[in-house]
Each structure stands twice: as C-alpha cells, then as structure tokens.
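Attaching a single structure in structure tokens format; questions to follow.
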Amino acid sequence: MILHPMKLVTIICEALARSHVTALLDEVGAHGYTLFSVEGVGAQGSRVADIEEFANIQIEVVLTSEPALQLMTRLERDFFSRFAMIAYLSDIQVIRSQKF
Amino acid sequence: MILHPMKLVTIICEALARSHVTALLDEVGAHGYTLFSVEGVGAQGSRVADIEEFANIQIEVVLTSEPALQLMTRLERDFFSRFAMIAYLSDIQVIRSQKF
Amino acid sequence: MILHPMKLVTIICEALARSHVTALLDEVGAHGYTLFSVEGVGAQGSRVADIEEFANIQIEVVLTSEPALQLMTRLERDFFSRFAMIAYLSDIQVIRSQKF
Amino acid sequence: MTTDLVQAIQANLLSPAVLFFLLGVFATLSKSDLKFPEPLYLGLTIYLLTAIGFKGGVAIASAGIATVWLPALMAIVLGTLIPLWSYPILRFIGRLSPVDSAAIAAHYGSVSAVTFIAATNFLQSLNQPYEEYATAFLAVMESPAIIIGIVLGKLATQKPGESFLPTLKVALHEACLGRSVVLLVGAMLIGFLSGKRGYDATSGFFVAPFQGVLALFLLEMGMVAARRFGDLRKVGLFLVAFGMLMPLLHGSLGVILGHAAGLSLGGATLLGVLAASASYIAAPAAVRLSLPEASPTLYLTAALAITFPFNITVGLPVYFEIAKWLFGETP
Amino acid sequence: MTTDLVQAIQANLLSPAVLFFLLGVFATLSKSDLKFPEPLYLGLTIYLLTAIGFKGGVAIASAGIATVWLPALMAIVLGTLIPLWSYPILRFIGRLSPVDSAAIAAHYGSVSAVTFIAATNFLQSLNQPYEEYATAFLAVMESPAIIIGIVLGKLATQKPGESFLPTLKVALHEACLGRSVVLLVGAMLIGFLSGKRGYDATSGFFVAPFQGVLALFLLEMGMVAARRFGDLRKVGLFLVAFGMLMPLLHGSLGVILGHAAGLSLGGATLLGVLAASASYIAAPAAVRLSLPEASPTLYLTAALAITFPFNITVGLPVYFEIAKWLFGETP
Amino acid sequence: MTTDLVQAIQANLLSPAVLFFLLGVFATLSKSDLKFPEPLYLGLTIYLLTAIGFKGGVAIASAGIATVWLPALMAIVLGTLIPLWSYPILRFIGRLSPVDSAAIAAHYGSVSAVTFIAATNFLQSLNQPYEEYATAFLAVMESPAIIIGIVLGKLATQKPGESFLPTLKVALHEACLGRSVVLLVGAMLIGFLSGKRGYDATSGFFVAPFQGVLALFLLEMGMVAARRFGDLRKVGLFLVAFGMLMPLLHGSLGVILGHAAGLSLGGATLLGVLAASASYIAAPAAVRLSLPEASPTLYLTAALAITFPFNITVGLPVYFEIAKWLFGETP
C-alpha cells in the first residue's frame, strides 16, 4: 500500500455562505466535500446552533496541492471580508490519489 | 510536557457501513473512536442528512503508526469498492501516548 | 499569498466539561473556537448522543504555537484525570496569521 | 368505472396528504432550501410507526387472533411469492444482472409503511371502514421478501466454496430487529396488551393529530422522492414501466386474496396496497449490507422515485376501485 | 382609552404566550443552559408556518378570492412603500450609512410571521373575530420590501459600470423560494384546494395544539431575542427609538388601510401588526447575501432585540386599541 | 393486601407507559438500531416539563398558596434529610468511599421528574384524584439534597486550607438555574399567572396529548436505563439492594408525611413517589462538576439502572397500596 500526500482544506463559516462556498469548490475542481453544522465563537460574535440562518457550518475538502492553494487564495480574495469565516490547510495522506 | 507523535485516521462514509467499520476498528486494536453525522457530496452522489439510512458519518480514530497503516490497508481491501467512503491519515501529537 | 504555520488543538470530551474548557480557552488567549456534538467510545465507556448531559463534544481551536502548548499543558494538569477527554495537536497553515 | 376512477384519482390528488407530498416535490425541484433535519424525520417516523402499530394492536385484541391469522398468513404467502416471479421478469425481460434483479425483487416483495399509512388515511377520508388490525399484515410482510431476495442474490453471486450463512444472519438481524420492525411490532404488542383502556388514555396523542402529522411527513417524503428524479434517466424505460405495472398487478392480487380471505372492501384494499408497495427504507438497508454488488441507483430509484409517488397519487384510488368492482359495489 | 390600553397591555403580558417569551428572555439573561437545538426550532417553525398557511388557505377558499384581493393589494402597497420612507429617515435623521439604511428599511417593510401568529393568538384570547384569510397578507408582504431595500442598497453601493442584476436574481430566488415562503404559500394553496374537508381531517394537528405550540416557540424566541440585548449598546439611541416608534406609525397606517379596505376590527388589527412588524429571518438572510457591506449588528438588533419584543408585549394591545378607537368601539 | 398489591403491579405493567418502557429495554438489550437523537430527547423533555409545570401552576393558583405551603415545606424537609441518613448507610454499611457515599446520597435526596410524571399518569389511569399542585413538591425537592450531598462530599475530600465555596457556587447555579429547574419553575409561574384562561387556550397542547407523549418518552428512557444494565455487575450487591430498599423506605416516609400534611390519598402517594425517586439528570450533572472524584458508574447505575426501573414498574403501585392502607381504604 502506498500513501499519497494530499491537502485538506477546512472552512468554518456562517451558514449563509454555504451556496457561495460550494460553488467555489466546484470552480476549483473539488471532486467532493463534507459538511456539518457547528457552533462557534469568533471575532464576529458567538453563533449558537439553533436558527440555521444564524449558525455555522464546517466544510472539509480533500484536494491536490494546486487547487487547494487556489481555493485558499479565492477564499481570501472574495470571502474573508464578506463572511464570518476561517479556513486552514493541512497535510494528509490518502490511498487512492486519483480520487481527489 | 512531552508530545508524542500519533496518527489520526479520518473515515467519511455512508452510515450503513457503520457497524462494519467499528468492527474493523476493534480488530486493528483502536482504544476508542469518535463519530458524528455529516452531509456530503462525492463520486456516489450527494447525501443529505435527513434519512439516517441514506446519510454519511465521519469517524475519527487516534492510533499509533502501525495499526493506523493496517486500518488503511484493510479499508482499501474490504471497504472502498463496497461503500461510498473516503479515508485519510494525518500526523498529530498527543500527551498520553500510552492511551492510544 | 503566503501561508503561515499555526496549531490546531482538537479536544474531545464529555459535554459536562464544556464551560470549564471554554474558560480555559479564554485564559490561554484563544480568539475563537468551534464546537459540535459527537458520539464516542473510549476508556470511560461509550457515549451515545441522545442525552446531552451524557454526550460528547468536539472542540477545535486554531492558535499560535505557544498558547497551543500552554493549552495542552493545562489540559493535562487539570482535566485529563477529571473528565473523559482526549486532546491532540496538529500542524495547519492559515492566511491571516494575525487573526489567531 | 372509468369516470369513477378519474373522480377518485382527482379527489385523492386534492387531499392534504397528497398535496403536501406534491409540495415537497416542488420544493426540491425548485431548489428551495427547505429541508427536514434527521431528528425531525426520525421523530415523525417514530410517531407514525408507534401510532399505527399501537392502534393495530388494540384492533387485534378486540377482533381476536382467530380472525386475524388467516389473512395474515395470506399476506405472508404473498410477500414470499412476489420476489419469486419478480426476479425472472427483471432478469429475463429487463435483462438486469442477477444480483440487481434479486435486489429489486426484495424491494417489491417487502412493503412501505408510509404507503400503508397513507392508504388508511385515504380510506378514512372516504369514510370507508376497514379492519384496523390490517397493520398486522404490514408487520408480517416486511421481512420475508427481503430474506428471499437476499438468498436469490447470494445464490447468484456465490463463489464456489463460500458460505453465505454469515451474511444471511446479518440480514435476518436487520430484517427482524431493525428500527422499524421493533417500533411497529413492539407498539402492536403494547396495543394488544393494554387494549381499549390504553387506547383511551393515549388517543389524544396517537389518534387525534395522526392525519395532520402524516400530511407533514409526506411533505418531507416528497422532497426525498424528488431528489431521486434525476436518476430516472439512468435506470431505463423498463424499470420505469416495471415500477408502475407491477404495483398494478400486485395490487390486484392483493385485493383478490383479501376478498378470498374474507376481508371487507377496505381491508382488501389495504392488502392490495401492501402488495403493490415497495420498501424503500428497510429493504435498501438490508440489501446494501448483504448484496453490496447490487446498484442502489436501480433499486432506490425504482422504489422511491417511481413506485412510491405512483402509489400515493394514482395507485390508492385505483386499488380501491378494483376492490369496489370485485366486491360488486359498482354496477 | 388610557385605562383600556393599560388593561389591555396587562392582560397581554399575562397570556401564556407572552409569559413564555419572557421566560426565554430570563433564561438567556440568567445564563441558564436551556437551549432549543436547531432541529427542534426548525420543526416548530415548519409546524407554525404550515398550520397558519393551511388555515388561511381554507379561509380564502370559503371567503372567495373576490373578497381577498383588495386588502391583499393594499398590503402589498404598504409593504412596498414602507422602505421608501424608512430609508430617508434612517439615512438623514439617523445618519446611518446608505447601505445600512437600505438594509434596515428592507427589514421594516417586510414582516415577521411569528408576530403575526402571536397577534392571531392575542385576538383569539379576547374572542375577537378576524378574517382568517389575513394570512394572505402575511404571504404577500414578505418579499416586496426586501427587493426594494436591496435595490436601494445596491444603488447606494454601486461602482460605475457594475451591474447588479445577478445579485438581484439571487435575492429574488431567496425572497420567492426561501423556506418560509414555500411553506407558507404552499400550505395556503393546499388549504385552498382541499377546503373544509381537508380542514376537518387535519384539525387535530393543525388547530387543536396550535396555541400551545406557539407558546413553546415563543420561549425559544425569547432566548433568541435576548441573546442580542448585549448589542443594544452598540446600535445607539436613534435605532432604539426607531425600532419602537416606526412600528407605532406603521401599525396605525396598517389599521387605517385595513379599515378603508373594508376589513373587520380584527382584520384591520392584523394588517396593522404586519405593517408594524420587522422581518428577522427572511430579510436578514437575503440582505446578508445581497448587501454584505451592511452591518448585521444594526439590522438584526433592531428587528430582533427591539421591535420584536416591543410588538409581542406592548404593540399588539396598542394596535388593537387603535383599531377599536378607529372603528368607534370605545367611546 | 397482598393480592391487591399483585393485581396493582400487574395492572401497572400492562399500561402503555410501562409497556413502552419495557420495549425500550428490549430494544437496547436486543441490540436493535433504534435510537432517539438528542434534539428529539430534548424536545420531549421540554414538552413534559413545561406541561407538568404549567398545569401545576394553574392548580396552585386555584388552590391558593395557603394550601400549598405546608406540604411543600414538608417536601423540602424530607429532601434535605434523606441524604443525611443515606450517607452513613452507604459509608458504613455499604463501605463505599466518603465521596461516593455523598454523591449517591445527593441523588436519592433529589427527585426524578419523569418518575413523578409517570406517577400522575398511573393515578389518572386508576381515576384516582390527586392535588395537581403536587408539581410544586417536585420543584422544591430537586435542589436541596444536591447541595447537601455536595457539601458532604466536599467536607470528605477537602484538603487543609482549601475553600470549597467556589465549587459550591457552581453547584448552586447548576441546581437553581439548570435547564430543568428553569423550565419547571418557569412554567409553573406562567400557569400561576395565566390561570384557567391560559389553561383553556393551551390545553389542546399541554393536556390532550400528554399521556401519549409520556409513553413515547418512556420508550427512550427504557433504552437509556438498559444501556447501564451492563454496569450492574460492577456496582456490587449492596448498591442493588440499596437502590430498591431505600425507595421503599423513603416512599413510605413520603406517604406518611403527606398524610400528616393533610394531602389526599393521591397527593400522599405522589409525595411518596418523589421521596422514593432518585435524580438521574440534575444530580449527576451537578455532582460530576463538583465532586469529580466520585464514580459516575456507581451513582448513575444506582439511580438509572436500578431505582428508576424499579419505581416505574413496581414502586408506583406499591407506594399507592401503602397509601391506601394508611388512609384506611383497604380493610
């Protein structure tokens, strides 16, 4: 078994940004993503998870290096100033490199 | 305080695979795991989180290196072709190495 | 775009520890955190996510290196023996280093 | 009978339950952000299954087992036989693979609780009496076809020397102790044991709001079904036809058997509905685990995107008209 | 009239609905760990919107469209005009930025379904009849003001050469196919189509428990509103005054227009309540996406922490007393 | 009395509420995948607590505080004393550690709302009248024993020079502003303030479906309790006996005190049930935070896996028979 290096981009943001973020994921060529509701506290106050419109989501995407960087760049350019959001990149390893 | 290197295996898969995956975790000797429901989009379509039977789960397991690799190998051999699933490995650090 | 190294501390613990952990996050100077309910199995038995008081939460905090280590140290000193809990540290990269 | 049928279909399409179903379909197709989160779906399911089970149990107690066993046995026989003729049709007319044929056969032999509940609702709205204990048929018809279908599929995919007993054990556990069976059979037993007294105490919860809850639940089911409409193109014309013609065949058979077993007009209609319905929760879960080689796109689309909407909108009044005709109520 | 008013406010403050709202406020301020998880909130919302929509639709069917269209048109006109005068007040008296002014104007022109539902509850508790079809006004008043407000805001922030049509399309989709519109209008259509027969079948769910569910929901809304009380300091005195005086103005206007359109005392009160209410779900969602430069602290605090509690506790009886005075029921 | 008792237990075991509880136990033991997600559990809890609190408050308003205060005071005294004698029994007969003894004592002095609600249900099913305001005893008995138990435990684990005031403050906040206290006491106040009028408006929600909701909730509680059955082996025979004998002792004491305080047969039974019940939500939460050295396996298993099922199935009819005997209703 060979493990291939891959990037994981994690985005935590207000739920209202959802459709915008998933559209961007399509644009940079992600083959899939995973999403769930979270509570959060940050610079723009605390978000309790009761009313969906005021809540947070966490989105996780596995990508190769280049689209991952592209995604981060686009998030900074178009999203960070507009939405309550954080995003970070980490190194992971997968088996089926062609899947991502 | 000394930090010990450890592996984190993250598995995202259709909820129906749950009991099979947790049985495998037992087999490779995991001392515990964490699990939650997620929505997802991937090669096998989109899974909305309303009907549990059609939904996704994310499972996170902290392990030492060897069982982690064993887990990845087994997932590839027995699970990837059978279930909607992705799995990845990452490097983490913990304090109580004997716990995992 | 420049990516800055940062630390992610992930804490998985019984929900009753919540207010204690978030107080500690404040103390070490975290600028925010993200939180969600999870199920789990560990040394202290299995926690099904139906009664909040008996359930688990996962807390994720992005921090610079020093407060991250401080957080891990404090968790070991004051929390590990008291609560059902695991915590681990991982390396991530972010764009806006001043935010964390 | 034709005008009767058209009128019956029209009336059914204007009932709150069916209209909420169509609203759900619209919400999904128009990409509205409406959704039911999992706990809400689960809560409604638990309510509907325990309510229908409980009321059925009370009815069995008052009718007596002696009355119930014969039609219940017929229901089991029907559920066992349906996969046996569905398999060759799928395999040799539809030219589907053996394992896909077996999987789909399992779904059509098993039953859909929601379709059954909608049928009781439909009869009530027409003030048509029926045997309340018919819930017992729902309970006994869920599992046999799943087992039969899985055995068929295992025989088809078996490698030499491999035993399929372990998988069968998993499937049996799933089919007999799955959530829906436990709730339905459990609540039925509770109704049976606590009888009229228990019924009176809890009817403010299990009876009064029931029809409204069903309407709301069908809103969600409309969304769930419509999400699969995109797969209709993938499954081919044969399966679309299968998903509407087999229910007509099975529905008629069910009505005839119900008549033969001495059920009333309403009860025979319900047995027809059960035979005509295809499982889309219990069967997929069991088949996914036991026959992983079978394509969920095929069996789920057939059961959920074709047969379920067909039955809810058109099937119910059709089976009822067939029953009326058989019982000689229409000249 | 003053003693009447004081008594009416007192009576309203002692109704279960308002008391549960205050309990929610208390729970948040006292840092209790009480909370409603998202699926529960969503479940209650779905129930309240479908119930009120369904009953409204049944009422439209029985009153006839001929009766409903004129007051409904007035409601639309009112919803369209409110942002047009609110904008200059916010901009030039309140000295808020153009985009913030536009955003807040959108919220006050649109409506709060929960406030409307609480108002029907209030009238029922006084045995005051009202036109059940008033739900139609709620449905038609939700979107126009949001569109107007967003256009105003886009005009204010437009860079030369930039087209704002794409944003407007998003806002239109949100305003016309958002969850609450689909549920409310859909359920209204269902009520309209299924009529009295459908009403009778589902009243054990949509009618009998309604007032109690509302009370429980207001417990949650008290918590939601109180969480924003901390932001009251940030928004300034002007907005606090705006959030209570504009509802009084709009409420009076609504009552007068309702009277002119031939509504009964109860119906005119409801139109007043709609005009006075500010949207805190649909408008924030649309504005957040279309006018990201506008500060949520300002519009959410105004709508949710000032106007909503004001209307629930004091506004409802005030608008009713105004209506009684206008209809000449108090000497 | 023996045949009466056996019959009473039999009748209780055949009520829908207890049967659903047993179904939940079966579902867990048979490893069915049935489960109630957290929001559903929370929703049912919120409903049951506000409903029982609200009805209690209405009853207090109609009975008058003058009637309620004396038995309420007795309830407080009982709740305060129970941990004081439970501690030495656990410590010296059971040979448990000081902190475990204190923790368990806190649980048995405090009360279980679900057991209380099941008891009102039990009395209703026998058409046995009782003081509806007994909910007040539930409200006042929850906290005192928790405080006492925590003080005992802190004294036992205190290191020299260490102050335990901060922990006590946390425990007090938890005990007085925890979710269940806020809901119960808040709803009671609302019932008290809004009276009969408020009751009539909301009875379609708070009264009519109540018994059915309780039955469904006990299904979940059966699963929760059964999940702890595996720990029964770990806790030892002493605790198993303690968990069934102490309720019998406390139940008798409660009935006697209720009789002395002038309560009716039904009311005295309820005070007995409260004394006999052990808290398994509020007490564990407070004790976990204040006495982290105490073993949750011991106190949770005792309260949840022994005393709770014992009371629901056998305890309720026993305390009722004791009360009947005391009130001279059985020869």
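For reference, chains read A, B, C, D, E and F in written order, and residue numbers begin at 1 within each chain.
The definition used in the following text is that a residue touches a chain if its C-beta (ideal position, glycine included) is under 8 Å from a C-beta of that chain, and two chains touch if they have at least 3 such contacts.
Please read these numbers as outputs of a predicted model, since none were measured by experiment.
The minimum number of touch steps linking subunit B to subunit F comes to 2. Taking the definition of touch as given, a chain qualifies here only if it contacts subunit B and subunit D alike; none does.
Identification of common neighbours of subunit E and subunit F yields D. Averaged Cα coordinates give subunit C a centre that lies 46 Å from the centre of subunit D.
The distance from the centre of subunit C to the centre of subunit E, with each centre set as the mean of the Cα atoms, comes to 40 Å. Put simply, the C-alpha centre of subunit A and that of subunit C have 19 angstrom between them.
Residues of subunit C in contact with at least two other chains: 36-37, 49, 90-91. Contacts with at least two other chains are made by residues 35-40, 42-43, 208-209 of subunit D.
Interchain contacts give a graph that is no line, ring or star and is not complete, per the touch definition above.
All chain pairs that count as touching, in label order, are A-B, A-C, A-E, B-C, B-D, C-F, D-E, D-F, E-F. The residues of subunit F lying in touch with subunit C in their complex are 35-38, 40-42, 220, 223-224, 227, 281, 284-285, 288-289, 292. The part of subunit F that touches subunit E in the complex is made up of residues 37-40, 42-43, 46-47, 50, 54, 173, 177-179, 182-183, 186-187, 189-191, 193-194, 197-198, 201-206, 208-209.
Considering their complex, residues 1, 3, 6, 8, 22, 31-36, 60, 62, 90-96, 99 of subunit A touch subunit B. Considering their complex, residues 10, 12, 36-43, 49, 56, 58, 69, 72-73, 75-76, 80, 86-91 of subunit C touch subunit B.
By the touch rule above, subunit B contacts subunit D in their complex via residues 14, 16, 20, 37, 48-55, 82-83.
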